[in-house]
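In what comes next, chain A is part of two complexes: it sits with chain B in the first one and with chain C in the second one.
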Partner chain A sequence: MNIAVLSGKGGTGKTMVSVNLATVAGPSVYIDCDVEEPNGHLYLRPEDVEREAVDVLVPKSDPDKCDGCMRCVEFCRFNALAYTLDRLTVFTEMCHSCGGCKVICPKDAITEYPRTIGYVESGKSDNVKIHTGIMNIGEVAGIPIINRLLEKIPESGNVFIDCPPGSSCSVMESIKDADFCVLVSEPTVFGAHNLNMVTELVTVFGKPFGVILNKDIEGERNPSEEYCIENNLKILGRIPFDKELGLLSSEAVIAARENPKFRNLFTEIFNNIREAAL
Partner chain B sequence: MKIAVPVINDSDNPEIAQQLGRAPFYMVYDTEAKTSEKIVNPAQDSPSGAGVKAAQTIVNTGSAVLLTIRCGDKAYEVLNGAGVKVMEAFVGSAMDNINAYEEGKMSELETIHSGHHGKGA
Partner chain C sequence: MKQLLILSGKGGTGKTTVAGAIIRLAQVLACADCDVDAPNLHLILNHEGDGERKDYFGLPKAFIDQNACTMCGRCSEMCRFNAVDVGERTAINGFACEGCGLCEAICPENAIEMQAVAAGDLRLFKDEEKGVFSTAQLRMGNGTSGLLVTQVKNQLKNAAAHLGFAVIDGSPGIGCPVIASLSGADMVLVVTEPSMSGFSDMERILDTAKGLRADTAVCVNKADLNPKITEKIKIRCEERNVPYVGEIPYDPIAVKAVNDGLTVADVKCPAGDAVRDIFHNVMEVFDGRRRV
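Moving on to the complex of A and B:
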């Protein structure tokens, strides 16, 4: 089963939840799709890491063949091309690698070459396989890296897809192969607000989902819980606002590996996910 | 010689626009004929790369000079590559800016900002 973990808001505990679930569900695969700032590897400390480059194709123009008709410039909806003084300028970081300029060029002047935008690192940590997407600093779009990561999903077994924060393109891409979505929330107005956004997102995609109430304080008001109750959302579990858990996590230690209390907590949540996903 | 200025509307004496790539129109002034025309900026609502497309539009007008308050790095690369001089304009009408340029009271724009890439996405 492919389980995507997302939240809308950053800092709610997506990665902490993902690595702990991957640990109790092991053998499993953990995929870090937060390519702008992947940090699951800090918890998992993978060994035998192999690295592969992720390239995208970008165009260049042969000035001997180009006659300056500018059809490619007009075609490019991302405005990555400009033509001045008999030469084509390509702003490669704005190019979405659609290949349209090459197709439309009547003089066959455009060829494509690969440009590296990031990496995928694959390794192992105990019974968890790890694939981490890393986008190079300064790049604008990590979708090709996410797609490469999703190619790593095995035919069977439990896969945890740690999504980027937010509810835009990169999150949509990350959840496309998910069988179930886990929405991690925190007990703040901001948390509830972004839970609402991400709930709308998974609903648009028709994904079954449930909510984990993280940093939950018994007896205190929880705006995210109120949102779940109002909208009749499935609550998969509560993670208490616990000092020991906080300390372990701040040291990038996987709590479920360290303390049976937390192993039981995440096992229970994982069982609830499996039940909800049926 | 032609001088281009980003402007906020296509009236007879429009104000200069604060932004280059998202300006609704460009005024192109012919210094010999002392006439001007307004060109719609096709990049105004572009989801990305407005500066590049706007710069291409200005280059295509055959203007030798652009008077602008701001200019992003990519737009500058296109303009510079086409030999368009980019001058530092001031808040006011397009004609006041053109007059100031013709009187030699304007210097080249030195601060090229790094664009607004992805800020609206």
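Moving on to the complex of A and C:
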């Protein structure tokens, strides 16, 4: 089963939840799709890491063939091409690699070459396999890295997909192969507002889902819980606000490996997910 | 207009909480929320009404004239985004379509047309007391958040050009919307938290800002939750020659204030006091750099 973990708002505990679930569900696969700020590897500390580059195709122009007609510049909606003085300039970081300029060019002057935008690192930590996507600093879009990561999903077994924050294209890409979505929330009005947004997102994509109430303080108001009750959303479990859990997680230690109390908590949540996903 | 941009790399470290408090403390009359993916600043600024709303048009999307389409499949073959399915009829997947327009250009039947699609809502609030606030929400399933960020900032600049100082709340990450928000920022305040994740993400956002030659300063939120890592962040800032402008303690009163729709500067609490010091320090760095 492929389980995507997302939240809308950042910092609600996606990565902490994902690595702990992957640990109690082991053998399992953990995939970090937050390619801008990947953190799961800090917790899992993978061994035998292998690294592969992720390339995209970008255009270059042969000045001997180019006659300056500028058809490509007019075509490119991403503003990645400019014709200055006597030659074509390519702003590679703006390029979406659609390949259109090459097709359009009447002089056959454009060819494409691979440009590295990031990496996928694969390794192992006990019974968890890890694939981490890392976007290079200064790049704008990590979608091709996410696609490479999703190719690593095995035919069977438990896979945890740690998504980026937000609800835009990179999140949509990350959940496309998910069988079930886990929404991690926090007890703030910000958390509840963004929970509303991701709820809409997973609903549009027809994904079954449930909510984990993280940092829950007993007896105190929880705007995310109120949202779940109002909208009749499935609550998969509660993770109480806990000093020890907070401290372990800040040190990037997997709580379920350290303390049976947390192992039991995450095992129970994982069982609830399995039940809800049936 | 001088711009103070609040960023963090990692999400949930307290960007919006700090931005809201600074806006209140310094009575800032020009502000913007550039976290167009998950905007929250409006929840504590409490502007009345819905403001002026405008559609945001990102890149166009492909539409097929089914009467003209002969199902030749050329568009599907050429599309690098797997956005065209040829089954019983040719269909565009609007979520996958990035709007490049290649299908339109190569269709032998001229059956494809690129059409503008509203991809988000821009809002502009103007209030005599509270000033100008520009914000936006990207509609689900749309990319090009960088372009929307630029429009949020332009909207602010056009409406508040006469105001000297603006505070801009940024988005998490280091990609497209962050890079768009960095353009034109005079000073970037990075809000991080004392965790290994916060530390690692701070390094990546500082590298990103450095690549764009933006001036940065760092503060740590919830600093007392792990004093060891807070110290590590402080040392790292010294090594990087980035001004370290202060620490905010974990403060349950602050959490409650935000849940009540207030900024932490609206209530008397340790977090509010800390933000006051941080703002003071940031402005000192800001002024110092200006003089140089």
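Everything below uses one rule, namely that the second predicted complex is superposed on the first by the 278 of 278 C-alpha atoms of A that agree within 3 Å, B and C clash if a C-alpha of one lies under 4 Å from a C-alpha of the other, contacts with A are read in each partner's own complex, and residues count from 1 in each chain.
Here, contacts are C-beta pairs under 8 Å (C-beta built on N, C-alpha and C of every residue); 3 or more make two chains touch, one makes a residue touch a chain.
Since we're looking at a predicted model, the values are computed, not measured.
Undergrad: Using the superposition on chain A described above, determine whether A:Met1 touches chain B (first), chain C (second), both, or neither.
TA: neither
Undergrad: So in the superposed three-chain picture, is A:Asn194 touching just chain B, just chain C, both, or none of them (first/second/both/neither)?
TA: Only chain C is touched by A:Asn194; chain B is not.
Undergrad: Is A:Ala277 touching the first partner chain B, the second partner chain C, both, or neither of them?
TA: A:Ala277 sits against neither chain B nor chain C.
Undergrad: On the A-aligned overlay, A:Phe91 touches which partner chain: chain B = first, chain C = second, or both, or neither?
TA: First partner only.
Undergrad: Check the residue A:Ser168 against both partner chains and state whether it touches chain B (first), chain C (second), both, or neither.
TA: A:Ser168 contacts both chain B and chain C.
Undergrad: Who does A:Ser249 touch here: chain B (first), chain C (second), both, or neither?
TA: So A:Ser249 only meets chain C here.
Undergrad: First (chain B), second (chain C), both or neither: which does A:Cys69 touch?
TA: Neither partner.
Undergrad: More residues of chain A are touched by which partner: chain B or chain C?
TA: Of chain B and chain C, the partner in contact with more residues of chain A is C.
Undergrad: After the superposition on A, what does A:Phe78 contact: first (chain B), second (chain C), both or neither?
TA: A:Phe78 contacts both chain B and chain C.
Undergrad: Touching A:Gly10, do we find chain B (first), chain C (second), both, or neither?
TA: Once the two structures are laid over each other on A, A:Gly10 reaches chain C alone.
Undergrad: Based on the A-chain superposition described above, do chain B and chain C contact any of the same residues on chain A, and if so which?
TA: Comparing the two interfaces on chain A, one with chain B and one with chain C, the shared residues are 77-78, 140, 168-169.
Undergrad: Could you please specify the touching residues of chain A with respect to chain B in the complex?
TA: 73, 76-85, 87, 89, 91, 93-94, 140, 168-169
Undergrad: For the complex, give me every residue of chain B touching chain A.
TA: 43, 46-53, 55-56, 59, 74, 77-78, 81-83, 117-118, 121
Undergrad: In the complex formed with chain C, which residues of chain A make contact?
TA: Spelled out, the residues of chain A in touch with chain C are 8-12, 15, 34, 36-37, 39, 42, 75, 77-78, 96-100, 103-104, 135, 137-142, 164-170, 172, 186-190, 193-194, 197, 200-201, 204, 221, 223, 246-247, 249-252.
Undergrad: Can you check the complex and tell me which residues of chain C touch chain A?
TA: Residue list for chain C touching chain A: 8-13, 16, 37-38, 40, 43, 59-60, 78, 80-81, 95, 98-102, 105-106, 138, 140-143, 145-146, 171-176, 179, 193-198, 200-201, 204, 207-208, 211-212, 225-226, 229, 255, 258-259, 261.
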